[in-house]
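Quick notes on the structure that follows.
The first chain written gets the first letter, and so on, giving A, B, C, D, E and F; residue counts start at 1 in each chain.
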Amino acid sequence: MKPNALLRLPALLLFLTALPALAQTEEAQINKADNAWILVCSALVLMMTGPGLALFYGGLVRKKNLLATMMQSFMMMAVMTVLWALVGYSLAFAPGNSFIGGLDYLFLNGVGTEPNGSISHLTFMVFQLMFAIITPALISGAFAERMKFTGMLVFMILWGFVVYFPMAHMVWGPGGLLNAFDGGLIGCLDFAGGTVVHISSGVSALVCALVIGKRKGYPEEGIRPNSLPLSFIGACLLWVGWFGFNAGSALAADGIAASAFVATHFAAAAAVLGWLLAEWIRDGKPSMLGGITGAVAGLVCITPGAGFVSPMAALVIGFLGGLVCYFSVAVMKAKLGYDDSLDAFGVHGVGGTLGAILTGVFASKAVNDGFDGAPMGLLEGNTGQFVNNLLGVLLTWVLAAVATFIILKIVDATVGLRVDEADEIRGLDVTQHGEEAYSQQG
Amino acid sequence: MKRIEAIIQPYKMDDVREALKEIGVDGMTIYDVRGHGRQKGHKEVYRGQEYEVDLLPKTKIELIIADDRVEETVQAIVESARTGKIGDGKVFIYPIEDVVRIRNRERGEAAL
Amino acid sequence: MKPNALLRLPALLLFLTALPALAQTEEAQINKADNAWILVCSALVLMMTGPGLALFYGGLVRKKNLLATMMQSFMMMAVMTVLWALVGYSLAFAPGNSFIGGLDYLFLNGVGTEPNGSISHLTFMVFQLMFAIITPALISGAFAERMKFTGMLVFMILWGFVVYFPMAHMVWGPGGLLNAFDGGLIGCLDFAGGTVVHISSGVSALVCALVIGKRKGYPEEGIRPNSLPLSFIGACLLWVGWFGFNAGSALAADGIAASAFVATHFAAAAAVLGWLLAEWIRDGKPSMLGGITGAVAGLVCITPGAGFVSPMAALVIGFLGGLVCYFSVAVMKAKLGYDDSLDAFGVHGVGGTLGAILTGVFASKAVNDGFDGAPMGLLEGNTGQFVNNLLGVLLTWVLAAVATFIILKIVDATVGLRVDEADEIRGLDVTQHGEEAYSQQG
Amino acid sequence: MKPNALLRLPALLLFLTALPALAQTEEAQINKADNAWILVCSALVLMMTGPGLALFYGGLVRKKNLLATMMQSFMMMAVMTVLWALVGYSLAFAPGNSFIGGLDYLFLNGVGTEPNGSISHLTFMVFQLMFAIITPALISGAFAERMKFTGMLVFMILWGFVVYFPMAHMVWGPGGLLNAFDGGLIGCLDFAGGTVVHISSGVSALVCALVIGKRKGYPEEGIRPNSLPLSFIGACLLWVGWFGFNAGSALAADGIAASAFVATHFAAAAAVLGWLLAEWIRDGKPSMLGGITGAVAGLVCITPGAGFVSPMAALVIGFLGGLVCYFSVAVMKAKLGYDDSLDAFGVHGVGGTLGAILTGVFASKAVNDGFDGAPMGLLEGNTGQFVNNLLGVLLTWVLAAVATFIILKIVDATVGLRVDEADEIRGLDVTQHGEEAYSQQG
Amino acid sequence: MKRIEAIIQPYKMDDVREALKEIGVDGMTIYDVRGHGRQKGHKEVYRGQEYEVDLLPKTKIELIIADDRVEETVQAIVESARTGKIGDGKVFIYPIEDVVRIRNRERGEAAL
Amino acid sequence: MKRIEAIIQPYKMDDVREALKEIGVDGMTIYDVRGHGRQKGHKEVYRGQEYEVDLLPKTKIELIIADDRVEETVQAIVESARTGKIGDGKVFIYPIEDVVRIRNRERGEAAL
């Protein structure tokens, strides 16, 4: 310390008087790193739907339905966005009861640049919106190649109100029934949407497949993918985008985000191996379609646990996800005989359910000390949490199944669900949208 | 020997092949073509510009067959491809002079 | 306070002496969150051109011109980059007069890792470069399927000098004529490039279409897109990349960025609905090409206002953008009879103009207090700003139109603008680049 | 200073006592901006392999091998991930000797959310993993269209152990032989993987091409790309992803990252021009395939120097990279007659070598003061560094060549390297994976 | 009945169809083919390796027509497809023995 | 004149064209087709659902040629396309009645 330091004391003190205020403001301020991170994650999650899921699904149908299939995902980017802005966000995230949010945020009233946690409220809103886009889009895999465009639109809008907004509120909303971190009665661990996104869409998909019925020519005709390269691009973009989905669900650019990122990647990789192994043994050859479907299955499976489980647990979860989803798609579906055209149920319903259960098993306080030192998952001895996760799964199954059934009946009785046979034969691209995917024009 | 060409609806392909298999007709060559006839086309619109599409996707099955099997082959195709709607397609029968199997240089009906 | 706290005073004071210095340095330092955010946004904006725009455009031409069309966008990634490094950045952003920058930054002299605002100067430079790449690339939609490769290159380079660098300087450069936040005489509100990027490219596109003339066979032959799936991928990547374009234009990862992000997304979604509604009514069916074109129209339209308008205003702007651009492309173009092949004018010229005007209407100090409490847009009573925005639009139209006309005449008289008829029939891929998009090789 | 300020001294002091602790924690904490940035970069680098490289390569083979080619890249995303998790990361980055890491991090033991530098250790681990995925994937370009799937898997796993993990340790690991910043004996400047990634994969590719032999029909049949649009998408995504690769290698969102970002982009752009110029002169026309290959060549070439050289030097390096790689691919390969099918050696081996050498020339302390004020590259007078870089290149060539040769012999003697002729004629998609890329189903 | 096959330049397709429509010829089947003849091909170069392309894209129009309409149909095609440049293509005329309409089993000219 | 159609393995295309060039046969039209015959197909499996693929990609070369050149042309094709394995394909020979060159309206052999 230099001799004249004390002389500077007054100036120092002046500076110091500013400090507490500074600190206080800081608390109430946006953390730009978190904000940037969640904005990037929002972009990544949008990329999952378009082009990701649209391509993944689009490549799997016949060429005459390629545009219509992509369009089903794409329309969610438009329709769910407007719905979310007007009322959906409020119903999901405004304070309300245990089941549904209130109307405080109607028309995004009061949702501005001010902080919500460490990010801007608008950032939080738009990040959550991207989940509300992809979830209904996932369902469309079940009724590909035969659904009416108008019927699809009406179904999706109703589904948003009756299934998605309530589910999002129950699991992530303030005071939601299943919200483990905000006083939910049956607190579930669902890091990034195993119940809200995957079980809800997957189970609804199954009901759709059953109610709408099989495609003409299924299964005799051996309907094959029109373009696996398109599906490949889609699956890879899903994988990349899923980092936003899962790691972004940390809502901060912290160690939990890193941990969720790693778990996500590991599960996808292990699931590729799981699926391919099953294929190799049962079908004689490991296929590219198997590889990419396995990856998606792994990603689905790790979604609820991404921020709660260790990297090694993620490998296990992913590997099991690959195996089980392969079984459900290749064996069970054929046995039961429903036409879940692109395996929305087989991958998202089954994978989501398995993941939610395994989250209850593998969640670990060493990874994420969500309960302030108390054990998290079954392996740490928290049986209650495991049971809660089971209850959450059950409730989601029931809500999604019943609601979807009723909505389908309503749509069928009004605008109609299915195109007529001639249109189905000619293809949805031409009959629903008046265009064709490719032209051979010279 | 005759050459039989059948232009059918693409989605009828599996049925026709099944029918041909049943009567023991196996060798064939397939073309993806577009056809125009009485079947109505459709309108496509790209950014407001209309475009009348009256060439529809069709599948052509071509088979060269011994004379004595022509009639039953044509029957098999017609029956399996028929829906009774305009656009079901047509079967054409042509003369052919000779066939050579590249593998072993066989000629004539033996080469089929 | 523990009793011995005072004893630690000297040490504390030592610590404190460092604080002001720290604070000072901090001010002059890069904010890593902002820096990371703008780097990510730069990557996103590059992705808009390649593969985004290249695919969007490439899918719309005939197969024989697919590579050549993608190549036109791709070349901008190479040519404009080198131009920008050598002289373009300086002409756009170095201190100069109201119309053009000086030569201080020639060869990026003095542009290093030091801060420029809260980000590295290099970060700022490369972010702006990505705009200088996509803008000329947009024009290429107007002369697709008939432009000579050499003519295209020369045209673009001249256009950079005469239109882009001055426009960028006038709107965003220090002391630029239209720069509302740095003493411009006619200060315009243009958050992310409504004038600089969209009007300038769109209007130039119209002049190109008129001067270069129609494609052989247009409109009788009913030229159709060779691959809508490619256009779909492109459009979705444009949407995702546009977050970088608009939200990145906040130049910080703050609330304004979040707000611009949301406005961008909302406008795109609403424009999809606007365009499809118009199509449904007029053409009988909503199409996928309509959906993705609508999305681009909405993104164009919100560009100038992204950081200035509320989410609800963004919905309105986007919806109007979808409607108006549909009208301009589907009705007006056919009536007037020019061959703006991929609707560069119809979407970017018209959408950009509409957006610039609506920005003057909807800009709101609640969203972005750019004028320190003074009203921003017409709805808040700032008629002057509205008029300024109109003047900015006008000036851009005139500059782009006149300059493009002259450049085209120069190119025509030297290397030539258009391939000969035989080459146009055979296709640009083979004749300009000696390659074909696909091979059927067994 | 207000008169009563002194009275607040006690409270202030209380506050101050907390400060040093705060400061200390800060040091040991994750910087969220850096952490977010590297997570984003990790996603970008994964996107380089899938879909990037998979498409770039997939588009270049014949249609009957399209899926198998994409699958080779995709499998690395699964296999290398699991390998890395179990043992690879430890061998590469745990403390060990000069050549290889130890087993401290086996099963990621001790790799958690805690900081490693300014980012989470898990973030660092997963970022490095993405490099371990793309590097072997690059090799697959050399043996495309004829390699057995099982042979490929076994080869890649062995290659990871014998080439990649040691190389990564030597260049970037603690105490690695070639690590210029952590006491390596022969310290090399390799910012983002010129030796580790590009030379090692490129030289191994050459050995693969020589040992496995030519494709049936090469070169007489004039094998052409089945889909240049797919390659185009791939190349553009490689370009975008490479920002993560190079700028992420700064491991922080600082000015060096910005500088590496700019150098990366500039080199790619200049290389496009270099390659096209050579093509234009020698082949008569500039092609799209040339443009995208040039871009990749430039990106390869700038990789080792990205964070060490100035923007103008990057332009020079890129331009030379484009020229030299064109020469190696178009002239040298034809002369020497090996079948490096997709030019993995011609681009990555040659470009990586050139880049490593030029890094030794152009590295500049003005850009990156890595040696605390001492000169960096040859142009600044550091001949020693230049020689070290040459030695590093040499060592990498020798290790990669010898190890690859031995591994190939082992694989050949066990599971086999090459499919039989009938399978090669029918194509790998059907024979290795039991599926086809496209179906014409109506 | 005869079978007429016309190999034309793809961009002439619309003109030819227009001409056929005018003389009331409606049924036809279209193939995308590649052809080689006197028309010069072009060179393609992929990463420095040259490749001579002398198979150019062509469109084949195939129509089966009653004997008395053959001549005018050939004329219509020739006139509408002609540019006078090498590569305009050719028209081939073949015998045919029978036709069956799948929809209603009609045979012979009635089935056209 | 005759019409010769050869269905060959796609990878034999270059060899056949080379052989035809040597005997001075130049004009031809190429089709990408799928064929079924004695050659065994393969199994494909998509997500566990098997699918028997017995239509394999083939290339069809079609050439119209003067009568006196038919035999040597057939020979050239057979020899160059032959590997001796099942699936090598077949050559078909058909009658033809007339040819018109669109460019200059030439008819008959002169138009070839």
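Keep this in mind: contacts are C-beta pairs under 8 Å (C-beta built on N, C-alpha and C of every residue); 3 or more make two chains touch, one makes a residue touch a chain.
Since the model is a prediction, treat every value here as computed from it, not as a measurement.
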Intersection of contact partners for chain A and chain D: B, C, E, F
Cα superposition of chain B on its sequence copy chain F - rotation in ° rounded to nearest 5: 120
Chain centre separation (chain E, chain F; CA means) in Å: 18
Whole-Å gap between the CA centroids of chain B and chain D: 52
Multi-chain contact residues (two or more partners), chain A: 11, 16, 31-33, 36, 40, 221-222, 224-225, 227, 233, 283-285, 287, 289, 434-436, 440-442
Shared interface positions of chain F, touching two or more other chains: 9, 11, 31, 43-46, 94-95
Chain contact topology (line, ring, star, complete or other): complete
Chain C - residues contacting chain F, complex: 440-442
Chain B-facing residues of chain C, complex: 219, 222, 224-225, 279, 282-285, 287, 289-290, 293, 326, 329-331, 334, 343
Chain E to chain C touching residues, read off their complex: 9, 11, 14, 42-46, 53
Residue numbers on chain C that touch chain D, as the complex places them: 1, 5-6, 8-9, 12, 15-16, 30-33, 35-36, 39-40, 42-43, 46-47, 50-51, 54-55, 58, 66-68, 70-71, 74-75, 77-79, 81-82, 85, 107-108, 111-114, 119-120, 122-123, 125-126, 129, 149, 227, 230, 233, 429, 432-442
Footprint of chain C on chain B - complex, ascending: 43-52
